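Two complexes, one shared chain (chain A), two partners (chain B, chain C).
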Partner chain A sequence: MPDLAAARRRPALTLLKRTAVLVAMAISFFPIFWLFSTSFKPVDEWASWPPVWVSRHPTLQNYRIVFFPEAARTFAEAQKGSLDYKVSGSAWRAFGDSALIATASTALSVLFGTLAAWSIARYRTGGASLPLQFLSVRMFPPIAVVVPIVAMFSVLRLSDTYLGMILAYTAFTLPFSVWMIRSFIEDVPAELEGAAMVHGLGRFRAFLHATMPLIWGGLLATALFIFILNWSEFLFALVLTSGKVITVTLQVANYVSASSGKLYGVQAAMGAISTLPVVLMGYLIQRHLVRGLTFGAVKR
Partner chain B sequence: MLELDSITKRFGEAAPALDALSLRLARGEFLSLLGPSGCGKSTTLAIIAGFLDPDAGRIRVDGRDVGELPPRRRGLGLVFQDYALFTSLSVRANLAFGLEAQGVPRAERRRRLEELARRLDLGGLLGRSARSLNMSEMQRVAVGRALITRPALLLLDEPMSNLDAHLRQRLRTELKQIQAELGQTVLYVTHDQAEAMSMSDRIAVMRGGRLQQVGTPEEIYHRPVNRFVAEFIGDPPINLVPCTVRPGTGGAAVSSPLSPASSFQPGLSPMQGEHLLALRAHDIRAVRAPGGAAGVPAKVRFVENLGAQHVLHVELAGSLVRVVTTPGLAAEGDTLHLTADLAQAHLIEAATGEVVRASGRRELAA
Partner chain C sequence: MADATGAGRAEVSGAAGGAGGRRRTLLPRVPFNLALVLPAQLTVLSVALVPTLIVIWLALTDWQPTSGVPWWRAEFVWFWNFYDLWYDDRFIGALLRTLFVVTVCLTVELILALGLALLFLDEWPWRKVAVSIIILPMMIIPVDAANAFFMLFNERGPVNHIISLVLRRDYNFSWLSDPRWALLPIMLAEIWQWTPLMFLLVLTGLMNLPQNQVRAAMVLGASPARIFLKIMLPLLTPVILVALIVRGVETFKIFDPVYILTRGGPGAATETLSMFMYNGAFVYFRMGYVAAAALLVLVVVLTACVGLLHRLERHA
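Moving on to the complex of A and B:
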């Protein structure tokens, strides 16, 4: 009989917990719901009051404007006088530029990150404080470094170039790479490299042959994590480019009209498309994501 | 074969981890580096292997100074405590690792691999993944991987400390057999005195970065140079009984709770003060009733049953003394009479811990 009381109490508690989780999820997912919902709305529902939750006249027009310059021009023509939409560059180019910049800087970040992490993990390079110095770079608000970088880049003629963006993103994400990869390397016993070194390999080849095969999963997770950071970056892209290079995040901001501000539906369509790869990757690496966000402090 | 010449290593400001360590291994010798954790034995191994640079001193392998060489050029094989097998590779690839790294031709690789697999009885495992092995198989593969390059010196770093007692016993024998068959020079690092005693040609006992004593297991066991070695070696641990020494002509008189009537020891150089009488548990005889020579009465406090024999912990002058007896001699609470064979005892100066007079066992045996 004493079980009964406990059984009666427990469902109430469980219900409370579940409700709390549901509320938290609803709050978290609402912007995403709104993004997708808006992306299918016709013009007059974009910012109507009372708000339209789910459109009764869904349209693909917003997506057509994003992908087909022809549709964008037709749209601009049709809305002349009310929206004054000046057709911006193609979204395809933004996807191409973003893919190039994000991929290249992810590759560089993981490459240098792996080398630095190996050196720190196995040979205590820089002593106890170096990893923390890396971390302190991340404590900087990015806005604080943007202005000096702009000045530097204009002297070095790196402004509005792919190379400049790739360098900036590599530098920006390197601390994440180092911290995440370091924790993966430290999970592999150093003795493996020792065994490889005694039995015939040099230091670096010992790392490649003994440790690398065991951290591929971690490197992949790190790469996806860094890619997501790069793909969604806005501030550096905004400040360091002026039209020749354009990223996905900049393209979203480009859908504005002179007279009535933002083209919410088109922005939502662009946002929805550019979110998809990130959501997909996030789903793929969710197990490792926590580790990246805590700078590798959480062990598996 | 291996010569260590005044190796010193310091980590930070504290006392050196290794203090002028000098050690020599002959070809084909099995030498154990024995000591408690933190005694510097693992540091020594890391320095020989080339993972650490000594602050001072020289390392020679086969007469060649290897101090400046990277680990792979030192002519060593190494077996780690956790074996450190490459789990992503097969047993065959693990074994062939060293040969491949050295660029040994395929035919020669295959020949050596087969020969070694036969000797270590690894034939059936070659195709398996290193991940799928049990502890004993892992150890054999790790030994195989270390031996296949025919190293001048094989280093083993506590390879049995993660195993249960039963398996440890068996692998000890296996390892010793392989070593003897190959005539392999071995430096074996361990904190387990029974392992060191049972396998080694010689044992080097270390403590606090200093070498305490180097000798055959018999020498280390029967003629320890100081209190640390005497206490560290032997199971059950040696008894240390406080005693006083009074110098006389041509010797000195020793009196202790074990031998209240002070016994005169000829040849003992005159000295005075607090000493310890170190006596193995089986060098004390216990009888139920005093016989001809009256023993010292003592009460049994605790009986340790080891099967073939019992270790009695008896109370003598306020401290416990261990005595090995045949089973069934006494139970807790009984009073026994002890007689000690002082010829087998070591006399240790309490202040310095140095053995001032070793037991007569060696002379008796000779």
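Moving on to the complex of A and C:
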């Protein structure tokens, strides 16, 4: 452990360091605290002055509005006049659609990614240029390809469909899965597969029986990582759908009333609920996050 | 086709022991290993290469979906879109603003990350818990994080409340509707969310540093500051480079916080490139014009990346 000389033996400095860590923790946590705190506030505390930090009358109303259409309707009627409330879509639909799209494209991305990564890692398919070609997909801004994708999808009748979204999400997470899985495969010596082939197994079965058992953990981490990316994606969802398909991120952005701006409490409730699963998944793969977000370049 | 040429090169680079050729590979069998990359390749080509071809066509037309003409029969205007872009202050503004945001965010993120990582070098109780809390921001859905910042910087939000408490008078500045200040919450949201990634990267790099040099310097009586500047920082350079490239590419695409916080407003005061293109395509429906901008951005980004990667490879 490289430690900066005798710094830790000086109590004043130690105190300073601990304070800095505490401040960093507070800043990291504060916006999330505010999101959760707002999700329990009744309507008159959403934007009151001075702002309410912790609700004095905590309520589950916002969560009820998110999940039960009747609650949303009652709320809309009660607020008529003062707050022009619009419910667009239901959160259940959003969760269902997001789960379907994210799961399907994650499965495809990991499957295609594993095959490609195996080929690249073991047979150097495409030399140095093919992996970079995959990587380049992740480099240009998605908004730059969104316009032609809209044009293409309108011809293929893929706009506002699950298939279109799955296709887009698969393609734009493939760079991650190819590079991440490749780094996992390269951690396993190729000699293992070679030995299995010497013993008479075919190439595919050699991979399945020699390498696969050693990279299961890595594959699972990759899948979770890509699921998080898909679940959190916003731009494609915004542009490629128009009402028939709704993702959770779209639904979060949907809680806006026509006259008075955002519905803070409801939006916060939806935000809290939608972000919770990916936060848990993130902590599950904490060890691999660095590897994932740097395309396998930095390992722990 | 790209595959066939690539496969030819595969053996060359394998024999010459190219970039990653140190690791032993298995003997290639051409149709087999090509078939393996095919599904991934086809998916990427259909959603990345085909649109790139379409965008070249669209960039030369004046396609506006509202006019009812399908895009393949849109009016051909040659290079007028590019001419217009060159004289479009809004586009140039968005470009410069994006570069500004990238520079500021990366600098602040890197400095914060380095400082934070140094605090986590020695072992202390609750260290793991502290790391987990500090990296929480990067786990949050970006749209939700942006929403949280929208509430924080609201006129009646907690940021103004804290300032009011300090000033001891009501302070109700509306950050997001002031052209001069609206970019600040956006950048803060981006910095808040992604400093943890930088921090994790730098910390990983620091933990993997070879111990001998640091110890030797300590024994020789070098000051902590000197050890950090002369030994640790140079050894960290590769990790920092990777972090800067990854974050730079991502920050250049910045969209979610801009859309949620301001949608590029007030006016065009916070319009980044992505927001400019979104507004152009889906608010003003000038698809041809946006396609031209997109093509420019694609060319610039790809050139920059290819150049960067080549340089990196030569260093590695």
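Note that the second predicted complex is superposed on the first by the 290 of 300 C-alpha atoms of A that agree within 3 Å, B and C clash if a C-alpha of one lies under 4 Å from a C-alpha of the other, contacts with A are read in each partner's own complex, and residues count from 1 in each chain.
Basically, a residue touches a chain if its C-beta (ideal position, glycine included) is under 8 Å from a C-beta of that chain, and two chains touch if they have at least 3 such contacts.
Everything numeric here is computed off the predicted structure, so don't read it as measured data.
Trainee: Which partner chains sit in contact with A:215 here, chain B, chain C, both or neither? Use first/second/both/neither.
Mentor: Neither: A:215 stays clear of chain B and chain C.
Trainee: Give the label of whichever partner, chain B or chain C, reaches more residues of chain A.
Mentor: C
Trainee: Examine A:143 and indicate which partner it touches, taking first as chain B and second as chain C; both and neither are also allowed.
Mentor: After superposing on A, A:143 lies in contact with chain C but is clear of chain B.
Trainee: With the two structures laid over each other on chain A, which partner does A:191 touch: chain B (first), chain C (second), both, or neither?
Mentor: A:191 contacts both chain B and chain C.
Trainee: Is A:202 in contact with chain B, with chain C, with both, or with neither (first, second, both, neither)?
Mentor: Only chain B; A:202 stays clear of chain C.
Trainee: Across the two complexes, what residues of chain A are contacted by chain B and by chain C?
Mentor: On chain A, the residues that contact chain B in one structure and chain C in the other are 189, 191, 194, 197, 203.
Trainee: Please give the residue numbers of chain A that touch chain B in the complex, ascending.
Mentor: 189, 191-192, 194-203, 205, 209-210, 213-214
Trainee: Where on chain A does chain C make contact in their complex?
Mentor: For chain A paired with chain C, touching residues are 1-5, 7-8, 17, 20-21, 24-25, 27-32, 34-35, 38, 47-51, 53, 108, 111-113, 115-116, 118-130, 132-134, 136-152, 154-155, 167-168, 170-172, 174, 178, 186, 189-191, 193-194, 197, 203, 228, 231-232, 234-235, 238-239, 248-249, 252-253, 262, 264, 267-268, 271-272, 274-275, 278-279, 282-283, 286, 289-290, 293-295, 297-298, 300.
Trainee: Could you list, by residue number, the parts of chain B that touch chain A in their complex?
Mentor: My answer: residues 49-51, 70-72, 74, 76-78, 80-82, 84-88, 97-102, 145-146, 149.
Trainee: Considering only the defined contacts, which chain C positions touch chain A in the complex?
Mentor: Where chain C meets chain A, its residues are 2-3, 6-7, 9-14, 18-21, 23-29, 32-34, 36-37, 39-41, 43-44, 46-48, 50-55, 58, 63, 71-72, 115-116, 118-123, 130, 132-145, 147-152, 154, 156-158, 161, 164, 170, 172, 192, 196-197, 200-201, 204-207, 209, 211, 214, 218, 223-224, 227-228, 232, 239, 242-243, 246, 249, 252-253, 255-256, 259-260, 273-274, 277-278, 281-282, 287, 290-291, 294-295, 297-298, 301-302, 305, 309, 313.
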